[in-house]
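Letters A, B, C and D mark the chains in the order given here, with residues in each chain numbered from 1 onward.
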Amino acid sequence: MRVTKIKEIIRETERIRTFVFEEKVDALPGQFVMVWIPDVDEKPLSLSKHKGDLTITVLAQGPFTNKMAELKVGDKVGIRGPFGRGFKIIGDNLLLVGGGVGVPPLAALADKAVEEGKNVTAIVGAITASELLFVDRLENIGARVLTCTDDGTAGKKGFTTDLLRDLLQKETFDSCYTCGPEIMMVKVLEQTKAKGIPTQVSMERYVKCGIGICGHCIVDGTGQRVCKEGPVFRDIEVEKITEFGKYRRDASGTKVYFRNR
Amino acid sequence: MVDISTKISGIKLKTPLMLASGILGTAGTSLKRIAVFGGASAIVTKSLGVEPRSGHKGPTIVKSIAGGLISAIGLANPGYEAFKEELDIAKEGGVPVIGSAYGFSFREYIEVAQALESYGASAVELNLSYPNVGKTGAFYGKHTELSYEVVKAVKESVNIPVFAKLTANVSDIVKVAKACEEAGVDAITAITSLEAMKIDVNTGRPVLGNKVGGLSGPCIKPIALRCVYAITKEVDVPVIGCGGITTGEDALEFIMAGAQACQIGTGILTRGITIFKKIAREMEEIMEKQGYRNLDEIRGIAH
Amino acid sequence: MVDISTKISGIKLKTPLMLASGILGTAGTSLKRIAVFGGASAIVTKSLGVEPRSGHKGPTIVKSIAGGLISAIGLANPGYEAFKEELDIAKEGGVPVIGSAYGFSFREYIEVAQALESYGASAVELNLSYPNVGKTGAFYGKHTELSYEVVKAVKESVNIPVFAKLTANVSDIVKVAKACEEAGVDAITAITSLEAMKIDVNTGRPVLGNKVGGLSGPCIKPIALRCVYAITKEVDVPVIGCGGITTGEDALEFIMAGAQACQIGTGILTRGITIFKKIAREMEEIMEKQGYRNLDEIRGIAH
Amino acid sequence: MRVTKIKEIIRETERIRTFVFEEKVDALPGQFVMVWIPDVDEKPLSLSKHKGDLTITVLAQGPFTNKMAELKVGDKVGIRGPFGRGFKIIGDNLLLVGGGVGVPPLAALADKAVEEGKNVTAIVGAITASELLFVDRLENIGARVLTCTDDGTAGKKGFTTDLLRDLLQKETFDSCYTCGPEIMMVKVLEQTKAKGIPTQVSMERYVKCGIGICGHCIVDGTGQRVCKEGPVFRDIEVEKITEFGKYRRDASGTKVYFRNR
């Protein structure tokens, strides 16, 4: 556990903020850190940049993340990590499919891929225009960005999976990377599997220790630890994860089933 | 050829190296993986209670020196009822599954133990001391008489072997062990993690969400070893050594101190899930070199 | 400028960093050297008894992991009478000298404490628990009532401040601390080394001549810290933190947990005799960075 | 603590044996090891070779050393160390003055000095001829050896200090090294000081921990630890050690005064 200060806070949307810390990292896109707000709690958050100042992008959606939204520049937080397995860049033509706060780790991946001279296409979805994340950032590094919103306020009206279907009818990719709501990722995998595109998925499960010892982030089928063998899994691994798209365990280890959206 | 198989309360173990409770033990698939891929000779479930518990706020864990941990998970568990299906999966691992039970009353201990028996657990291990869950939590294992009563109550309620897991945060662990023996316990597991804490000097705040937690890992090994040595000197029921076991040498120290078997938890942090296979090989190598053929030849020779 | 001076029972200390008992403390010249060359702000003598004791057979010490030790010296000391001249030399170090006393009866504790007072010790620290010397030895500190009685008896017999040094090998160290407070103790030192052992797997024999010993050094720091935290929460007399303090950060953790001062022993092994100067500098650096000016600002802020 | 086996035992004299172990060392002459006989005790013993197989030479004189004399090849003992400060080779013409089991560390020093091309003169004393140690070994490496015995059964009749007086009337040396009975070393120092020869002394005090933590080997005057700052001290240090030649502390820390011999 090391303590660092907030250097900068960027208001991305109404409920999403990016925090830049006075600490450097050199990690893999897809890896996460445990962020501690003293006397509050500690939660897993993905790196939204893989290199340079430690940066995370957080959706305020509950006690901890709301508290984060109240933090100010100069406030101290604790950091453990980076932890977990990140994305592996395979091939030259990469497709990224992200929804909501699933986009930040994909943005980090895009940075790295472009650095390595890869072609990046990103499908970015959100509920409404004001919630779309990192479209400019992705375009600025030279990625092709396709957007969609549930309400049609920006990009195509509909889901990322609709955009994906259209795209895959015309083009193919060396590999695909997806992060977002699990139901979305299930559908992404269905499509990329049908087209034979190797796909990597970033999964969220209830993380407590973050270092592979407590077992709270386990996934059924393989018994793998999301904090250690994940959060990024390859499609062939995901196929063996029997709970994928079906349920996840809460803080007590009780199964909570996803509602299809 | 060195044979490191052993037996505890009639339960055969291919090696003395079991998984300790609370380590990767909240789901059946995880337990199965530790057995099949990791090589554990038996697996102990996370401690289960009557109701689901979410446990403490984070941080629930902080690394200490030398591969050690200070943790305060707070007995997060889905409750025993949800664990029926987990136990079924755990059993697919092909090794004995030991159910760990905790309770806030005798009745709760009995309820959980009986359920675990009905689910097919090979034994039940009573978690008598969980330093991180309020005053009630730490109660039983710190009191000789209460330890006696809990063990007795559970022994009268189930037919599978009953293990008692003790804390070293007592004045005289041997006294507690003797009380458990008198109450008819089948084996004693010693020890659980030791009350400890970490303060962050930048913020002046305790790091753990629960402020205090339990120290585990290599640092507590010399303490655990002395407990096993002291208990096995005075008590006849088998003792399972636990606390900081990370290498074959560590495990042999416990056997030489008199332990029947060992449990491993935090060692997974530094040596991975296959630590059970690694330690088995290391034990065999050392024993081979010293000309020992089986664990009975060395068990308790340090006395 | 950061000021890390402090005071305990009216005794002024230029830093909170005192030498712990039993470390390089059997001769006056050694104590003087730790004060002058090492920079300790006060020095505690080896625990002294009524009669000279040769202590245990060797090995009296074995290294443990992470700069730690398991030791069983067995209270070797020349007896308090021989120590008069040692104390005179120790005082030349220019810092307060605290005499450590042990006894096998109340009468012995009183006898040693009175002698130390007459020799000019600034305070007497009662060693209430020495795990390595038979059953009688460990007796007092493990029993709340006996701890109360010893402290009370000594308090009634001397005018210098009386410190009680406690062991964490009890079910509830806070209870013992409270008993000492009721008995009028001036300060509490927590903790002494923890019961532990090491077995050599080549020979199957315990390494220490006494078989079991006490674990000290970095491994026990999280345990000692929790003790200090728990005691200062419930007890008003000042607490001296001891156990594994090796860096400025360690010392600050204890102050933040509520300690009035610190004692350092095993840390000398890895950082040398000048550890007291080194830790003082490190404390100042950290405090400077965080904008703290003195120890009162941070004492107990982790509560 | 590491456990090793005895490889070879050499009977040097009636009461002195050399033990060679199945373990290599690379140490300084003058350093010592702690030797553990399981279930018996652990005691400090000097290396009688600084390099190669760990070797010690032991005089049976009490419970522990008598037990050592009973050990057989293949027996296991524990070793800690080497510990302490060894001899420092200064100059080209070296004089060694050893009595009894003070000779072994000096023999190790002679090995090293000859390796480095120095001239070595050794005065070796004992009570009687059969107790003279390492005379052949020293001569074999090319050292000049002067012997004496209390009873005159070999070499000059008298003490090493008598031989030394004669020698220093004719010759001088760059530095002198002495190990043996403390009363002898006091007299050696007196003489070398008068002649201005820098001298190093190997002192024995009651060693328990061997690692500088317990304080049992402390010397008065400086408060130095024999196990850490010693056992070898330079003459200018010894001058400040007020107890030198006067007393030492026993296992309890009680002062035991030397009887002049």
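Rule of thumb we're sticking to: contacts are C-beta pairs under 8 Å (C-beta built on N, C-alpha and C of every residue); 3 or more make two chains touch, one makes a residue touch a chain.
Keep in mind the model is a prediction, meaning the values are calculated, not measured.
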item: Chain centre separation (subunit A, subunit C; CA means) in Å; value: 51
item: Euclidean distance of C-alpha centroids - subunit A vs subunit B, Å; value: 36
item: For subunit A paired with subunit D, centre-to-centre distance based on mean C-alpha positions, whole Å; value: 69
item: Touching two or more other chains - residue numbers and ranges from subunit C; value: 198, 202, 205
item: Where subunit A touches two or more other chains, by residue; value: none
item: Touch-based graph of the chains, sorted into line, ring, star, complete or other; value: line
item: Chains grouped in pairs wherever the two touch, ordered by label; value: A-B, B-C, C-D
item: List of subunit B residues in touch with subunit C within their complex; value: 64-66, 68, 70, 142-143, 168-172, 194-199, 201-202, 204-206, 211-212, 215, 218-223, 225-226, 229-230, 249, 252-253, 256-257, 286, 290, 298, 301-302
item: Contacting residues of subunit D [partner subunit C, same complex]; value: 1, 3, 34, 36, 38-43, 76, 78, 80, 208-216, 218-225, 249-255
item: Interface residues, subunit B side, partner subunit A - complex; value: 22-34, 46, 52-55, 57-63, 69, 71, 73, 76-79, 82, 89, 198, 200, 202-203, 205, 207, 209, 265-266, 268-269
